[in-house]
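What follows is a group of structures, each given as structure tokens.
Shared between the two complexes below is chain A, which has chain B as its partner in the first and chain C in the second.
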Partner chain A sequence: MTKLKERLLYTDKDPADDRSRMRAVANNLILHLHPTKVPAPALKWTYTWGLGGISATLTLVLLITGVLLMFRYDASVERAYTSIQNLETQVTFGALIRGLHHWSANLLIVTTFLHLIRVFLTGGFKQGRTTNWLVGVVLLLLVVAFNFTGYLLPWDQLAFWAITVGTSLLGYVPVFGGAISNFLLAGPDVGQGALRNFYAIHVAVLPAIMILLMSYHFWKVRKDGGISQPIPAPTEDKRPSRVERLTTIPHLVQREFAAAVVLITAVTIFAMLVPPPLEELANPIHPPNPAKAAWYFMGLQELLLHMHPLAAMLLPGIALAGIAAIPYWDKREEDIGVYFRSKIGTGTALIGAILGVALPPVLVVIDEYWLDLPSMMPGVSTLISNGFVPLALSLGGLAAIYSLFRVVGRANRGEATVGLFVFLMVSLVMLTIIGVFFRGANMALVMPF
Partner chain B sequence: MNKYTFTSVIALLLLIIILPVYAYLEPFRMEQAQVDLREEFVSDAAVLYVQNCAICHGASGEGIGAMPPLDNDGLRTADYDFLYKTIARGRYETTMAGWHTEEGGIFNDYQIDELIAMIRYVDWPQVGELAAAQGLIPPTLPVPEVDEAFLEEVAALDPAGAVWAEGMQIYANNCTICHGVNGEGSDLGVPVNTPELRAEGTETLINTVTGGVPGTAMVAWDNVLEPGEIEAVIAFLQNWDVIEGQGLALTPPEPIQIDLNNPEEVLALGERLFTTTCAVCHGENGSGGTGPALNSQQVLTANTDEQITNTIINGGHRPNSTMPAFGDRLTAVEIGALVDYIRAWEPTAPVVENPRGTAQGGGPPWLNATPDPDNPVSPQGQGQGGGYQGGANPDFQRGNQGQDRGQSDQGQADPGTMGPTVQYTGEVVAANENLLTFRVADGATLEAMLGPPFFWSESGIPLNPGDQIELEGFESLDHMELNWIVNLTTGERVDLRTPDGMPVWNN
Partner chain C sequence: MNKKTTTKNDTSELNRRDFLKMGASALSLLAVLEVGGASLLFMQPRSLEGEFGGTVNAGPVDSFPTSSVTHFPDGRFFLIHTETGGFLAVYQRCTHLGCTVNWEPDQNRFFCPCHASAFDIHGDVQNPPAPRALDTFAITVEEGQVIVNTGAIQTRDEFAPEQLAYAG
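Let's turn to the complex of A and B:
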């Protein structure tokens, strides 16, 4: 009986000792992405939250469901919308597969964003991990680009106007904006050309880049010596202490499998219960009111309501450049692998978070009802009064927060950066919440209930 | 088993259980999704119908004059190709135009599919309801009202006067749309109150009405009118000069009276005109669309009333603007009301980041070429705007004036068109679907409507030829409607209306 069970469960004998377990990892196509042994602290759930693995699993789900959707989707203005309706009403499991794809894609935006925050907070860009940090930032942008191009494909009102609003921003990018927008849309408006281009980018261009970059990202994690870990405290005899190392099988594989299965089950059940939205057929002459961009761009759209478009594009652009440049700024390597760097860092992060929750709503309300920069500066171009001035004020505010941490909080560079970073991320979340829930007809401030 | 293996097993188990359950329910879900989608199609199509088709086919698909009714089982069961081709390409020798964008119309494939779904599945009386609920009162063609006393005066003119009166009544109901209240003719129909016409032989005139005139809006009327009725119309036409000589003329329908000194009434007129004429491009409440958002602080500040008036009269001044000139289609009063309505937004108008419509700067670059200032690009007949500038337009405008007049559709008898209550006892001659033919004691054969077909097929009682019946009803627009009917032979009774006159199928 036991023999039969073994025959059913294992094709080969279960590796019984550590040595054969390590050999199993090294000789396996997929598992050899992992080292044969991993440090025990790196396995701690509360250190990584499994966000990288979850994002990778979601990407895999998206790849499979995406390929399935391609069998029934038709990227033409006349038939795109009806092909989705067909999928929903005529194709067995069609609605489920579309739901899985839709919700996984939205969840992926969240998990990659959280993954970036986790890696930053634990100093995961230190000790030679600069390149992989940059690749990670590019991957996050890729995920957003994936989501943005996929958003148009159902060709419903939501899709059409979100992309119209989104691409109209490109027009404000100096010099190249018009050309990029023209290239993407294959014309001045969102139409057949835009749909075809977005489809091609979504199913061919981006996946190719994504697969290459993801492979590099994983490979580089290993080559950089695994994920970031705190430097072990020296033992009493001044020799560096040895960190316990566990074999990948079963310790890491087990955790990864659990996370993946729970994730897939949860997303599947969610997709079964909550059908993905499909609004009316796109109608280029009847914009919905309000016409909102995709939810992850609502923070940016919120900025647009307060600043000249150029300033509203520059501010997140500068912030993004700053995030990419963090490894060149925070070079202290002693605090790698420690959440928030230190006690002081925890403090700056807390203050940053509080400021991030409080400041944006207050500023939004002030600007909405009282502050009117252009009328305060009569005769000045709005590019200055509504663009340069608020941009300078915002950047000045960020600098003030940073110096507050440095001077008053006596924080070092890294700790102050943690505070500023947390402030930026929480602000982004707050602006997104305001944009998604508190903006009604004509983008006026409303209560969501 | 450690906690990770345990979690994995639980999650897998859940997935293994839930997938078959979902698979079992999938056919039901798909069926429900199809039902929902069909309903969505029908309600979308109802809006299109009310905006574009109701003017000819009636608010509830009952047909107007010679325009065919759509609310019948023949069309419901017609095959897809027939319906698609009729809507997309129009019907030769009739006024039915091709509505597909490829035929110069305004509908795309998807919208035509929606209309077909509607013809097949819609509950027609609800279309009229929906129209009213959406504030889209379908423009109906104004028909002069003729009262009994007037007809009696006509009948008294001559021994054959009764026929003239009948013909005049039929003319008033069916022909004035194209041929005018006084037979003066219009864009759609030739003058008919002329010596030349009266000089034509009776035979020729009867043939023209019976067979129609190919290639014009004059359809063959033998489907709609009995031969006797056609003869009556011809008799009336031939003696119109006599009738006129006695000072008897049809009165055109009364336009809605608007007190121009009452700003609220003017604003209401402006709003109605804006909704029916401008909102297609400028968006609901001027929120913008193909055309610029007008409900915008910048636009309202930058333009004086005079400038807005000029734009409405002469059309858009930008090169490649698709804004047509409305000067010859709206009266000065109407344009004034529109300007007042637009101006009234100013206190509350939002600052719109970019009020320009999606159409500005659109199109291929060679259309955006530097304009010749002496010869501004005329947008007439271009793109979608062209669909609204076609031959149907004069009706649309006239329809606007008449749109608030009471209109009768099946099941909702308007008090103005309701005759006195009458009771009959008689014998069934035939009951064909919802049309009852019966003979009363003095030998006369009468017809009555047994409510809408869907109602009668569900709630009707058997009516076999020869059965004795008793019924109460009233004359509606052109047929008799019933309050109740009893089959004395079987003893069964059906009430079609409540004592206060509400049709029971409306509940």
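Let's turn to the complex of A and C:
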């Protein structure tokens, strides 16, 4: 048995000294994604919060439960909903597997989002890590695409109308939008063709891209010299001080294993206690009132209530492009590995967070009850009055916040960007909260209790 | 060896290695384009099936009282008979983001529950965010029957009397 294991995996049995432990990592198929030694500060929980590893673990859970679900799911309009009902009531452990898949997918959105924020706040895109930052942004979009395509599969009311709204948005994208939406839906509206397409994309196309990009993402971390770390302060004799380095076995592997076990246990208990939602069978004639998008699109949906759809898509699109371009903007490398860059950066982040909590709700209420741009500009196309005007105002607001940090706060580029980034992220969270809890029938503003 | 020197000095002349490289690249590109094109054509949406997309016989003209709105869920349209006696068939899909609008007789309006767009009896926008009036289908009246062609969706910015079809 051990012979076979050795031949297949090149493992040493129970490596006991540092040298053989390092060799074990280098020779192992999975562990060789890690370096043989890691800097001690990089292991600190409060530096990474384990978010990358948590996301990777969730992806693995999703892969396994997803494959299991494929055995019990029918991608047809007649049978999709029934097959989910069967999973919930007939199939042994069906409800648990579906629950694990559903909640892991939702949690993955949160953890990848937080991972992006962590990497940004510690300047993890610096010192030649631009490519991996871009790959990370693409991976985040991929996670969203996974969730969006998976959302349609249960074929209940929630699924049908969220996808109807989501794909109609594409219709506003100039030139290609109509063609892409037509291609995705295989027709003018959500039906059998759309269900089949979404299924194929969800279970084959996206996983293939995901596995390739994830492997690249991990590999690139190693090639870039490990995760970002502060530049060590020079010692008294002006020589750069040496950071303590620990062997990956046991220091890193043990922590990863512990985090994965806790995470999987927590998700499993949650999936047992909270069943994933399943509404009534999709009815193309009667949208529910209110018809809401998936929770992670509620921020976008909230923008849609205030702006022309083209503007409501351009605003987050521009923000996303800005996030992708950050490595080209904030090039100061001295502050790598330091949360918020500096003391000033902590200040701008705090102000950004306060503005992010305060401004969006105020603007939403003003626009809801008092401000009516189209009637203030009669005779002007709504694309301009309700689209480009609020878009320009929003972008102007962002520029004003950035200038405030630069001029009044005397922040450098990086520190001001931290403030603006935190403002954007907190605003997105606030808009999402408004969309989830404060929008009732006819999408009117309501109190949630 | 002397071959190499001649190509270095005279770049206009194509040697065998470069020719084969270029040929292989061109053929690879062609192969990629073919596979890509074939895949796209393979996945092209096929034309509509079932009732929607064909002509629908809505019934005899007299069966619709004036100022009435009748929903044809299979044809995905509302048939409107205006007070002037004209017919108008509007697509049930909201022009904002594609939800199905409901006819609310007590309010005399079409209402979209997704983002609260409202349209009057002619399909004109009463309340944004809908950017334009409800789309329409062509109507013909043949032998007292109202025939709606759901094959072609007609877009319009707002209602105009010419859009109405009259019997006889």
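Everything below uses one rule, namely that the second predicted complex is superposed on the first by the 436 of 449 C-alpha atoms of A that agree within 3 Å, B and C clash if a C-alpha of one lies under 4 Å from a C-alpha of the other, contacts with A are read in each partner's own complex, and residues count from 1 in each chain.
In this text, a residue touches a chain if its C-beta (ideal position, glycine included) is under 8 Å from a C-beta of that chain, and two chains touch if they have at least 3 such contacts.
Because the structure is predicted, anything quoted here is derived from the model rather than measured.
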item: Three-chain arrangement built on chain A, chain B and chain C clash or fit; value: clash
item: Which superposed partner A:27 touches (first chain B, second chain C, both, neither); value: neither
item: Touching partner for A:289 - first (chain B), second (chain C), both, neither; value: both
item: First, second, both or neither for A:444, with chain B first and chain C second; value: both
item: Which of chain B and chain C A:281 touches, first, second, both or neither; value: first
item: Which superposed partner A:269 touches (first chain B, second chain C, both, neither); value: first
item: Partner chain(s) touched by A:46 [first = chain B, second = chain C, both, neither]; value: neither
item: First (chain B), second (chain C), both or neither touched by A:304; value: both
item: Among 59-67, 149-157 or 311-319 on chain B, the segment whose C-alpha atoms clash with chain C after superposition; value: 311-319
item: Overlap of the chain B and chain C footprints on chain A, listed as residue numbers; value: 164, 168, 188-189, 284-287, 289, 304, 442, 444
item: Residue ranges of chain C in contact with chain A within the complex; value: 43-46, 48, 71, 73, 76, 92-93, 96-100, 102, 111-116, 128-129, 131, 153
item: In the complex, chain A residues that touch chain B; value: 78, 81-82, 85, 88-90, 92-93, 95-96, 164, 168, 188-189, 254-255, 257-258, 261-262, 264-265, 268-269, 272, 280-281, 284-287, 289, 304, 442, 444
item: Residues on chain A engaged by chain C in the complex (per definition of touch); value: 161, 164-165, 167-169, 171, 182-183, 185-189, 193, 197, 284-291, 304-305, 308-309, 374, 382-383, 386, 441-444
item: Touching residues on chain B, where the partner in the complex is chain A; value: 2, 4-5, 7-8, 11-12, 14-15, 18-19, 22-23, 26-27, 29-30, 33-34, 37, 44, 108-110, 280-281, 283-284, 287-290, 350, 352-354, 358, 361-363, 384
